[in-house]
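You will see two complexes here that share subunit A, one where it goes with subunit B and one where it goes with subunit C.
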Partner chain A sequence: MSKQKWENTLGRTLTLICAAILLITAISITYFIGSKGLATFFKNDVSIGEFLTGTQWNPDGEPGKFGAFPFIFGSFVVTFLAVAIAAPLSIGAAIYMTEIKPRFGKKVLKPVIELLVGIPSVVYGFIGLSVLVPFIRNTFDDTMGFSILAGGIVLSVMIIPTITSLAADALEAVPQDLRNASLALGATRWQTIWRVVLRTALPGILTAMVLGMSRAFGEALAVQMVIGNTTALPTSILDPTNTLTSGITANMGNTIAGTVANNALWSMSLLLLIMSFVFILLIRLIGKKKVM
Partner chain B sequence: MNNNIIECSDVSIYYGPTQAIRNVDITFPKSSVTAFIGPSGCGKSTFLRSLNRMNDLIPNTRVTGEILLDKEDIYSDAIKVDQLRKKVGMVFQKPNPFYKSIYDNIAFAPKYYGKKKKELDEIVESSLRKAALWDEVKDRLHKSAYALSGGQQQRLCIARAIALKPDILLLDEPTASLDPLSTQKIENLVVELKQEYTIIIVTHNLHQAARISDSTAFFYMGNLIEHTETKKMFTKPSQKKTEDYITGRFG
Partner chain C sequence: MNAKLANRVATIIITSFAYLIILILAGLLGYILYNGLSVIDWDFVTSPPESLSAGGGIGPQLFNSFYLLILTMLITTPLGLGAGIYLSQYAPKNKLTNGIRTSIEVLSSLPSIVVGLFGLLIFVTYTGWGYSLISGALALAVFNLPLMVRITEEAIETVPKEQIEASLALGISKWKTITHVILPAAIPGILTGTILASGRVFGEAAALLFTAGMSSPALDFTSMDITSSSHPLNPFRPAETLAVHIWKVNTEGLIPDAREVADGASAILVLSVLVFNITARWFGSWIYRRITSHS
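Entry: the complex of A and B
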């Protein structure tokens, strides 16, 4: 075999092995979580309905209660709160750094935002615990400070960089031609940004928001530190609650593999996995839909 | 009586330290078509863009001299740029419809000048008719503008520009990216539109200038070499440079 041919074959084989390892990993993780997570329902005979809608969580009880709804509800509420806080700020910042002051944006804002991405989540949680929780406790009556609000704010800070930089990319990708067309029609800069640039970049901005959402949904550590970890259903955003991720991290040390309590945590993991599939699907759908 | 809608005197344009246009004096009579010709980089597009202040968008651009639109200096502080651009419409080299429906592309600008739905319907129809596009698109007004062919998109851009009822239309090589048939349609349109608008068109195509313009201006290295009646320009130019260019000796 000639040297070139041999190099070709080697290159193809090596890359194929890498791709195969990735694929096998993904499939086996999915299979593992799936089999463990479904065991709760098919081996331990917990009803799926109870798991998804029940509000009582006491796996060690006699009989055990497996209502994971407070966790599911907590995850969604905290995530939506985080995106509701982060999205307007991020989109505003992205507009500023691409449309208003591109130079300042590239030189100062972008590096600062990248810095925020690099901070580990335990540090965010620690700051939340030391600053935010006492602040909420002292500002509002009848609250310990550990709350949905604290979790939402900490998460929003964590996803602002993601949403901002992706939204900025989407805005930058809007052809200059369209801005010129709008300005040449006598539109002001603001009208141009609002009615042309933002509209054209909308799919990209939505994708950025969904990615931020999926990060918020999956974040465990920082949330667990500030959310309070109670299993009661919250009645206000100042109440403590729990999320799927913090429920898993808080409880996994106390359960023994193979028990129903352990399997129930796997069911929660399975739910997280399904949600991340949903987020990916959502991003695909947004990507496919053209603005017009 | 003075019939000139734009009067430029001693206009120079600088990009930073580079002078792109040198002391140009030129006037444009109402309801006429003026063509700008000249080799690439001669400054004709730069000069065109100074007439609706699109050059403002390029950092470090400086304009000296005087450009009067209806006797008003368009670079004076009293002028609002968006109002000026409403009066001086522009169509670009590459068709650039918005990612919206055909209808919304045309209604885009009138909408923020406060026109109501019924008026908008009329504006959309009349603009499309004037741009000779109505018959081709009347059944799909709410479909994407990007479903149209390149030539149709460019006529849509013209319709979009005239929806604001401007006094002047600036066309920056509007047929450069179009096929011959679409080009011909746009040329016919220009001749049609000059009844109502004063048209200034930059073109690389000398035949196009000869076919559709009343007067032609020849730019070379930032200077306006000659500006005269098109017929005269292409038969008996007064400048040697012009003759060299239009006979293809350089360019």
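Entry: the complex of A and C
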């Protein structure tokens, strides 16, 4: 073989190996988390039904109780609360940046918001712990401050930059001609935004919301610091609770590998893995315009 | 009439949302920097933490964060470059390529705590390395690799087609074209992206709790024995980073000045991320100007 050909083959193979490492990593993560997570049900004989719907969590008890529903419920509640707060604000800000003050938006706001995407989540958690939790404790009666509300607000502030910058990208991608045509027909700016721009950018905006949701659902430390970490089902938004991520964070270090209590935590991380697959699927469906 | 009124009301609401967000985020940054900067001094940045009493610093944690960042980038950059080159230059339209693209999507959407648990299983337990810098760096590499691949691919896409075709037309081999034409032209984009990615790695904590660990041995910067656990550069020693430290002092609450330590550490973390971002932007536009003014 000539030197050139040999070089080409070598280059192609080397880069293919790099790419294949990604594939291997993704498959092994799925396999290892999957097999560890399923061991709870197949080796330790915990019933899947009890795990998903049971409300009693006491892995060290005799017999141990493995109802992870409070964790699952907590994760969903704080995530939805976070998106419910963040989405309107972020989409509003994105509209402001692209439709109302586009020059100021592009030059100043967008770079600043993108900068904030990079702020570490522990910092959000720490501010939540030192400002938000005392604030809630002093404002409402009968609460420690550690609550669903605190978790939801911390997560919402954390995902606002993400949703805003992605939604602004989606709005910017709407062709200027559409806006001009609508304005030429005598529509007001708001009518143009509401009936033309938002409709056209809807898939992109939905994708931004799902990505924000998936970030909130998977966030561990920021939530763990403000949520209170109790295993009882909450009855109000001011009650402390627990999430899948905070449950894992708080207990992984205290359980011994191989025990049921430890395996149950792996089952929780399997749930997190499955949820991130669900989010990917949702984004793909939105891309194909099937969910609308 | 109504349409005009609706227009005005909507504009006011949208504008107030935008200002509310600016207010929240500015307040957040101001709060962190204001509280933190009063704590930060030379002693705080260099001295080791106290375990039970007040007055400790964050020296080893700061060192660990930077060292871990370097280790992670040493692993991620070549792999990300390789995979990015493959996907943009070689990858045929087949099942394997699809699989690789799906993997990137999966890896980039994984919660970082799940990446950390995978690291605990494979790098910490299976290899027997225990809580160590190398386990942490590998876990962070898993977390950072998809981003690195995307950065490389996007940077390569901006290289003009004509430039690549001209090189191939001259009879230069594909591989030489990649290493001598495409990569040099894509380097500015890749570097800018890498600096931004570094900021993300620097602040990550959840993936490190169970891989690099939550403790740091006393470091001896005069030590010559790299296998000793007090040697700062030993990759097999446990290493608590700055971000993990913020979480630990707040949840354990063993030191009386946890609040001050966390204030200072948060400010340093945020400042570092800002420096990474601003450097990346400045560097990107500087290199852009240099390239465009010469052509």
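Just so we're on the same page, the second predicted complex is superposed on the first by the 282 of 292 C-alpha atoms of A that agree within 3 Å, B and C clash if a C-alpha of one lies under 4 Å from a C-alpha of the other, contacts with A are read in each partner's own complex, and residues count from 1 in each chain.
Basically, contacts are C-beta pairs under 8 Å (C-beta built on N, C-alpha and C of every residue); 3 or more make two chains touch, one makes a residue touch a chain.
Small disclaimer: the values here were computed from a predicted structure and weren't measured.
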item	value
Subunit B versus subunit C as contact partner of A:11, first or second or both or neither	second
Touched partner set for A:188, first subunit B, second subunit C, both or neither	both
Which of subunit B and subunit C A:214 touches, first, second, both or neither	second
Touched partner set for A:133, first subunit B, second subunit C, both or neither	neither
First (subunit B), second (subunit C), both or neither touched by A:177	first
First (subunit B), second (subunit C), both or neither touched by A:200	first
First (subunit B), second (subunit C), both or neither touched by A:87	neither
More subunit A residues in contact [subunit B versus subunit C]	C
First, second, both or neither for A:155, with subunit B first and subunit C second	neither
Interface residues of subunit A shared between complexes with subunit B and subunit C	187-188, 191
For the subunit A and subunit B complex, residues of the former touching the latter	175, 177-178, 180-188, 191, 195-196, 199-200, 290-292
Of subunit B, residues touching subunit A in the complex	52, 54, 57, 82-86, 89-90, 92, 94, 96-101, 108-109, 112, 144-146, 157, 160-161, 164
Footprint of subunit C on subunit A - complex, ascending	4-5, 7-8, 10-12, 14-23, 25-30, 32-33, 36, 88-90, 92-93, 95-97, 100, 109, 111-116, 118-123, 125-127, 129-131, 157, 160-161, 164, 187-191, 193-194, 214, 217-221, 224-225, 245, 248-249, 252-253, 257, 266, 269, 272-273, 276-277, 279-280
Of subunit C, residues touching subunit A in the complex	3-4, 6-7, 10-11, 13-15, 17-18, 20-22, 24-25, 28-29, 31-32, 78-83, 85-87, 89-91, 96, 99-100, 102-107, 109-115, 117-118, 120-122, 125, 142, 145-146, 149, 173-176, 178-179, 196, 199-200, 202-206, 209-210, 214, 243-244, 246-247, 250-251, 259, 262, 266, 269-270, 273-274, 276-277, 281
